[in-house]
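A single structure is presented below for examination.
Letters are used for the chains, namely A, B, C, D, E, F, G and H, taken in the order the chains are written, and counting of residues starts over at 1 for each.
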Amino acid sequence: MASTEVLMAGFGGQGMLLSGKLLAHAAMEKGLEVSWLPSYGPEMRGGTANVTVCISDKPVASPYIVYPRALLVMNQPSLEKFAPRVKPGGLIVVNSSLVPVKSDRQDCQVVYVAANQVAQQAGTGRAANLVMLGVYVGWSEVVSLESTVRAIEEEFAEKAKFIPANVAAFKAGYEEGRKARGAKS
Amino acid sequence: MASTEVLMAGFGGQGMLLSGKLLAHAAMEKGLEVSWLPSYGPEMRGGTANVTVCISDKPVASPYIVYPRALLVMNQPSLEKFAPRVKPGGLIVVNSSLVPVKSDRQDCQVVYVAANQVAQQAGTGRAANLVMLGVYVGWSEVVSLESTVRAIEEEFAEKAKFIPANVAAFKAGYEEGRKARGAKS
Amino acid sequence: MPKIVINRERCKGCERCNDACPQKILAMSKEMNAKGYTFAKVKDESRCIGCRLCAITCPDVAIEVFIDGTQYEFFAY
Amino acid sequence: MPKIVINRERCKGCERCNDACPQKILAMSKEMNAKGYTFAKVKDESRCIGCRLCAITCPDVAIEVFIDGTQYEFFAY
Amino acid sequence: MKKIFSATPLLVDRPTHYCPGCTHGVIHRLVAETIDELGIRERTVGIAPVGCSVLAYEYFNVDMFEASHGRAPAVATGAKRARPELIVFSYQGDGDLASIGMGEIIHAANRGEKITVIFVNNAIYGMTGGQMAPTTMPGQYSTTTPGGRNVKEVGYPVRMAELIASLRTPAFVARAAVHSPKEILRAKEYIRRAFSYQVAGTCFSLVELLSICPTNWGLSARESEKWLEREMMPYYPLGIKKEPETAEAEVKRG
Amino acid sequence: MKKIFSATPLLVDRPTHYCPGCTHGVIHRLVAETIDELGIRERTVGIAPVGCSVLAYEYFNVDMFEASHGRAPAVATGAKRARPELIVFSYQGDGDLASIGMGEIIHAANRGEKITVIFVNNAIYGMTGGQMAPTTMPGQYSTTTPGGRNVKEVGYPVRMAELIASLRTPAFVARAAVHSPKEILRAKEYIRRAFSYQVAGTCFSLVELLSICPTNWGLSARESEKWLEREMMPYYPLGIKKEPETAEAEVKRG
Amino acid sequence: MSKILMKGNEAVGEAAIRAGCLHFFGYPITPQSEVPEYLARRLPEVGGVFVQAESEVAASNMIYGAAGVGVRVLTTSSSPGISLMAEALSYIAACELPVVLVNMMRAGPGLGGILPAQGDYLQATKGTAHGDFHLIVLAPSSVQEAVNLVMRAFELAENYRNPVMVIGDGMIGQMMEPVEFPEPAVGKPLDPGDWALTGCKDRPRRIVNSLYLDPEACNRHNFKLTAKWQRITEAEQRSESVYLDEPCDILLTSFGMTYRICKTAADELRAEGIKVGLFRPITLAPFPYQACRAAADRAGRILDVEMNMGQMLEDVKLAVQGTKSIDFLGTAGGVVPSPEDVAKKIREVLGSAPAKNASPKPAPQKKRKDKERA
Amino acid sequence: MSKILMKGNEAVGEAAIRAGCLHFFGYPITPQSEVPEYLARRLPEVGGVFVQAESEVAASNMIYGAAGVGVRVLTTSSSPGISLMAEALSYIAACELPVVLVNMMRAGPGLGGILPAQGDYLQATKGTAHGDFHLIVLAPSSVQEAVNLVMRAFELAENYRNPVMVIGDGMIGQMMEPVEFPEPAVGKPLDPGDWALTGCKDRPRRIVNSLYLDPEACNRHNFKLTAKWQRITEAEQRSESVYLDEPCDILLTSFGMTYRICKTAADELRAEGIKVGLFRPITLAPFPYQACRAAADRAGRILDVEMNMGQMLEDVKLAVQGTKSIDFLGTAGGVVPSPEDVAKKIREVLGSAPAKNASPKPAPQKKRKDKERA
């Protein structure tokens, strides 16, 4: 790989910043260069929270990316705002549990995952963000399943009881991602 | 005249700043250009207070003068500090009531006036500063006796009762100045 | 008959009105409004006494109160 | 015999010691010190009781107080 | 049907940015209603602080300033002295008024500036994410007191209403709370009195309002109300701390 | 003969720049004597303000800071928190402490910084030539109140000792005067107590000292003493305003 | 009207009143305390408002408040006090409010001293506070010019809705010179225009604000302010060039009172046949780069003289763009360079081989015993 | 030691501890509040002291007090908060106390916004406050470099007894990158040397002071500070030049995070065969004029890119002295220029006729709808 960027977007509290951190963490452990840049909003609660993760085998130049290679969205406004910016040939993952519309991008692969339902089945409805991450990792294989799982375990070290459900959600997403990849290639 | 500068120095409260202002005022009324620059000390009471008055028929360039043409001193430290700086051919007026020493400047005219005694005789011991001013004006005639008297009257307009004694002190000094001038020329 | 009108798009789902109502006739919806909040609603309009406590306590001015005819004003607001 | 010593060069002539002395034995000089201040002096040393009030009140620490032998310390300073 | 409660036109008709349950909204409404009721809208100038209520200028339907952090009383002084016919109020949080702005509020009060100060005490820095305020309660968690406020280290919460009431210059100073309808009504009365004194040109006036911050307290709105009542109210007693009438009398007695 | 009064070695042996009769000199001596008597010279750090006592660093024979105008309590906080073993005191005028430095003194006191503040209230800005201070008396002439302080315009004088004593954090706060030998003795006692509390690590301490400024009051030293007694003392009552023991008890009572 | 002999500080106060400024908020500090003292007496006489603020922080926010409700307003201070106004000045500039402030500079850094200095040039002209904004900065070199520029400052502040600083030094504040004031004794009040908060009677409400939630809006606002500064830069540069009708051996660049010292030195040397020219910016910001360059073009070399360690030097270099060799003479701490010092330096420089661009390090000055002040 | 993924702000806090700084005084402000929050947790664990000041004015005077008694001390803030520290910074510099401060710049002027900006360049490098003094200013462009420069800042502060500012923007504070910290976990304490106020046991008393009654003494002190700055200027300039082994068509000058954006743009264009070089100062003050000039000498022209209205541009011009044509791309208000924006501007500039020296007015940017933030 050379370098790639993924933008993860949702409402505050939906955990996309954490998903981004897990990805960056796993990539870092793999020896890659990474950056994690949130778009922190004005000093208010609520609103959208999104993060751009850059992964590269060379030092990351600009962590500020307008046109990412992949996009994971947890809400409709984010889809509308960011989908047009994904690089042609890129990936768009839409949480269809929360986003009722479709993307019109023809030049990207668009994957719809009912992340909340998938997470629910995996053990906790709150882990939709990990399902989304899983899809991306499965699709891109920018990091391995194992290293991401390790990152999850480290991140949740102090709240160990949450680990199994989160790992399960991630894996479920990962499978979806693999499948989507297969469908494409 | 072209331009001239006089430095008036004493302790705070001895009125040299006022003498300077009267001189500047009189010169201004005569249509000359003037500046009055006190050396204001650090934010403390006491200490020396001195002022440089520049008078010219052209706009005064630097009001900050290191080497004045004339010096009026009310205390010994000022004599020691400033006498060496008077321009050759200049005037040094020493209030001998308060300064027990002589100046060693040979290239200047040095006038000793017992200003406190002279002022006392004129009506108030507190007007020694006006005696000193009088000496300078009498010697230099940079302004006239009349215009200086008018300046005194205006300056003391709100404390009219002080006018006569101050005018008298000034005139007494003026006579001394005339005499000294005559002695010289 | 007093009655209240809740602006569901203004409501942020804080539930303060629910607590404030002396008649306990308010509840929260299951649905969400456009901003993603569950919103307050009236369970039993018939028992509303028009006391305005819900409106007074609402931080988002999401409630209006109406009465019919005269009513005993038990406090001056 | 108690006595005080006034440092005439330290004195600024404020006269506060004059007022403070219960024995009223202090006065101001006619002369000036190097800074141009008239300074405090003792008029009648024999009546000094060593009470230190002059020294306590002097803002310029210009006064020292001495006593001979023991003395009733009428306040603890 | 007769409408007996609806939004005052003194509030701009738009949703606020406040968190669900945040009583900044209630206080906004009370102030707006008061301005409306006193009929002073057209000569009122408000001053928003830096804090969660930084956008207050968006909500009050009057001429508004946005002041720098803590300096609203100085801005108010400038405005009121320049145009005494204006009714000038500042709206300030506890970080704004009691921390960085301590000097400005005390001096404005002490000079007797004829302004009205609405002081929102929610025992926390809301906007910047929950740091300790001077009014944070002993033991209360904040992001800069991760072990809870330790009074041995950082002292006790400041009671601004009492502090300002202790000044000699006549003023109206009172404290109310806005967590329950009953206290909201009292708050309204104090706010109305505060503005009325300014309208009459009598004196400086300040109303401290105990307010909830569910977000940074980490509690639901309901729990927050309880916490305010249990933790804050005993330490911050409600009531009128000072009235110009009695203050004047005191001054006369000497 | 036995010397029963002489200059403490804690004062540098040089004449001060103060005006004749100015009681800054008396206060310097009392502080110096106290440091000497408590045997803390070698671990004391003093902080001079901006005001007539700006040169205090020249006079106290201990390590000294010169602080910016009004910020000595913040400087003291930095020094004391960094080296708690030091005895840190600030020396501040009324313009410095009560005007520009209001925020810093209140917060240092409220945090309970274990420092000692010597507060010289001479009801005027001495150094800058006689402008109004927050403590200037009603009707008193100053160069910025040419008609005398008009309390309707600029409010009443601030009583700092009482203001600070009203904070909840335990502290020692007292007011004395230095115009007469009797009051000087009381002042000494308060100053000694103030430092002693710091030595014991107990609390914040502040002593307000009513002081004369013959130069800017336009009076002789003698007249100044009388003016202080007649005009200032009734408004600024002397005595202990707060002690840590009673404050602690109050806190315990809740 | 006839001339009056007046202290610079008092003249500044009177000039404000003549300009129709009836509102002053400020805090005492030497060497400018005569401004508040004068206005404390004068403003009540003309129905104005004088408020002694509790600090410079408060004063600077009070002028924000007063300007925001649409009155003409002044504050004055000196170096450390100006530093305390930094945050508010950024707000005032951001909100485009017309205020005038005067800085009578004293020695720095830190508490420094109360004697005259020019060490706040860079603070005034470049880095006043956070964010992109500019003060208009005017530097008088006589009491009369201080009067004129204070009055002009109000016009500029209002025309451009931008804060304006008149910058002098302790000397200009403390000295007396004859001044003339225009009539009437009290200027007309400001027209609050379409931006001031005067109460929203019969019009939509207004907001004075510098917060932007939308970065694009904030970006646009910055571009707007920058465009305004561009307009000011084009229209408002003022400077004085003296003795430049024929090419000169050396050009003295300086500002404020230092210019007058240079003038005396120049006159002295010209009497000896050394061709000395003079250039001084009157607007320190916008700096008259082209005029400075034009002046430099007529000179063999340049000597920059300032009562600081070489702050304007940078602007002179920007103007000259390496085309001329520049020397520097600086003093600080309240030491005023004398005309003799300047003349000596000129002789030295003209005698020496032309050095390429002086470094900002001023040539070390030997201690002059006779100038020690108590 | 292995790498940790860490937020810039938290890394700054940890770096201070690694450098042996156990004293923090500061006041919350977005986007740097994570520094105090982090240190409020961490400092007590390592026996350090965390004090939340009541304001930035107080915080800056607290660090003066702590540095004066000879401990390593840090404060951090963001733009408006830094403005409030101006007066104290002048005192600290005048008293030659070693303090480190961090400015995570946000949008200005005024309250501006909390999004990243670089609008405090001139404030940091030129006009921080009244009087003649300089901060050493270091501008990291990654979280790791922020760590390194914070640690280096303490060394510089102590070597030169001069305040040092590490200047970043909201982006660097908020982003996470892998960082490595040197051991030990807590650095050694500062040696209080011969100047700190530690109590006058067994030695003459010491004074930390910036007041001078004697102007000659103040003058000498200013010359001393200026000479120190000269030494710093000679020894401490740091910069990075990239892709300059062969002459390039255009040189991008930028600092901090903007440099990384430029780097991406440069890489992109180089792939197309356009030769783009890069220069960034790491020390904004002392500015590496010679290195910048050397870089410029290898380029056909220059494009300066900043998240402000052209503040470093002036230093670039001073370095280049009119030898190259300079264009400028600027944004403000929290708008971050994208690599694409930079690439576009480069293409535009290279396509156009070489313009002689850009004016400080940035080319108006068209509104980009898709970047609107809520």
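Criterion: contacts are C-beta pairs under 8 Å (C-beta built on N, C-alpha and C of every residue); 3 or more make two chains touch, one makes a residue touch a chain.
Note that the coordinates shown come from a computational prediction; the quantities given were computed from them, not determined experimentally.
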| item | value |
| --- | --- |
| Pair of chains whose C-beta contact count is the highest in the structure | G-H |
| Remotest chain, subunit G as reference, centres from CA atoms | C |
| Distance between chain centroids, defined by C-alpha means - subunit A, subunit D (Å) | 87 |
| Chain centre separation in whole Å, for subunit F relative to subunit C (CA means) | 58 |
| Distance between the centres, which are taken as Cα means, of subunit H and subunit E, whole angstrom | 38 |
| Sequence positions of subunit G contacting 2 or more other chains | 30, 51, 54-55, 57, 80, 87, 91, 110-111, 113, 115, 209-211, 213, 371, 373-374 |
| Residues of subunit A whose C-beta touches two or more other chains | 42-43 |
| Per-residue multi-chain contacts in subunit F, two or more chains | 19, 54, 66, 68, 99-100, 102-103, 107, 111, 127-129, 134, 154 |
| Parts of subunit H lying in touch with subunit E, wherever the complex brings them together | 27-30, 33, 36-37, 40-41, 44, 50-52, 54-57, 80, 110-111 |
| Parts of subunit H lying in touch with subunit A, wherever the complex brings them together | 3, 5, 30-31, 113-115, 142, 170-171, 174-178, 257, 260-261, 263-265, 267, 336, 338-340, 370-371, 373-374 |
| Contact set on subunit G toward subunit E in their complex | 23, 25, 49, 51, 53-55, 57-59, 61-71, 73, 87-88, 91, 197-202, 205-211, 213 |
| For the subunit F and subunit H complex, residues of the former touching the latter | 41-45, 47-48, 54-55, 57, 61-68, 71, 74-83, 85-86, 103-104, 107, 111 |
| Contacting residues of subunit B [partner subunit G, same complex] | 21, 24-25, 28, 33-43, 47-48, 59-67, 81, 84-85 |
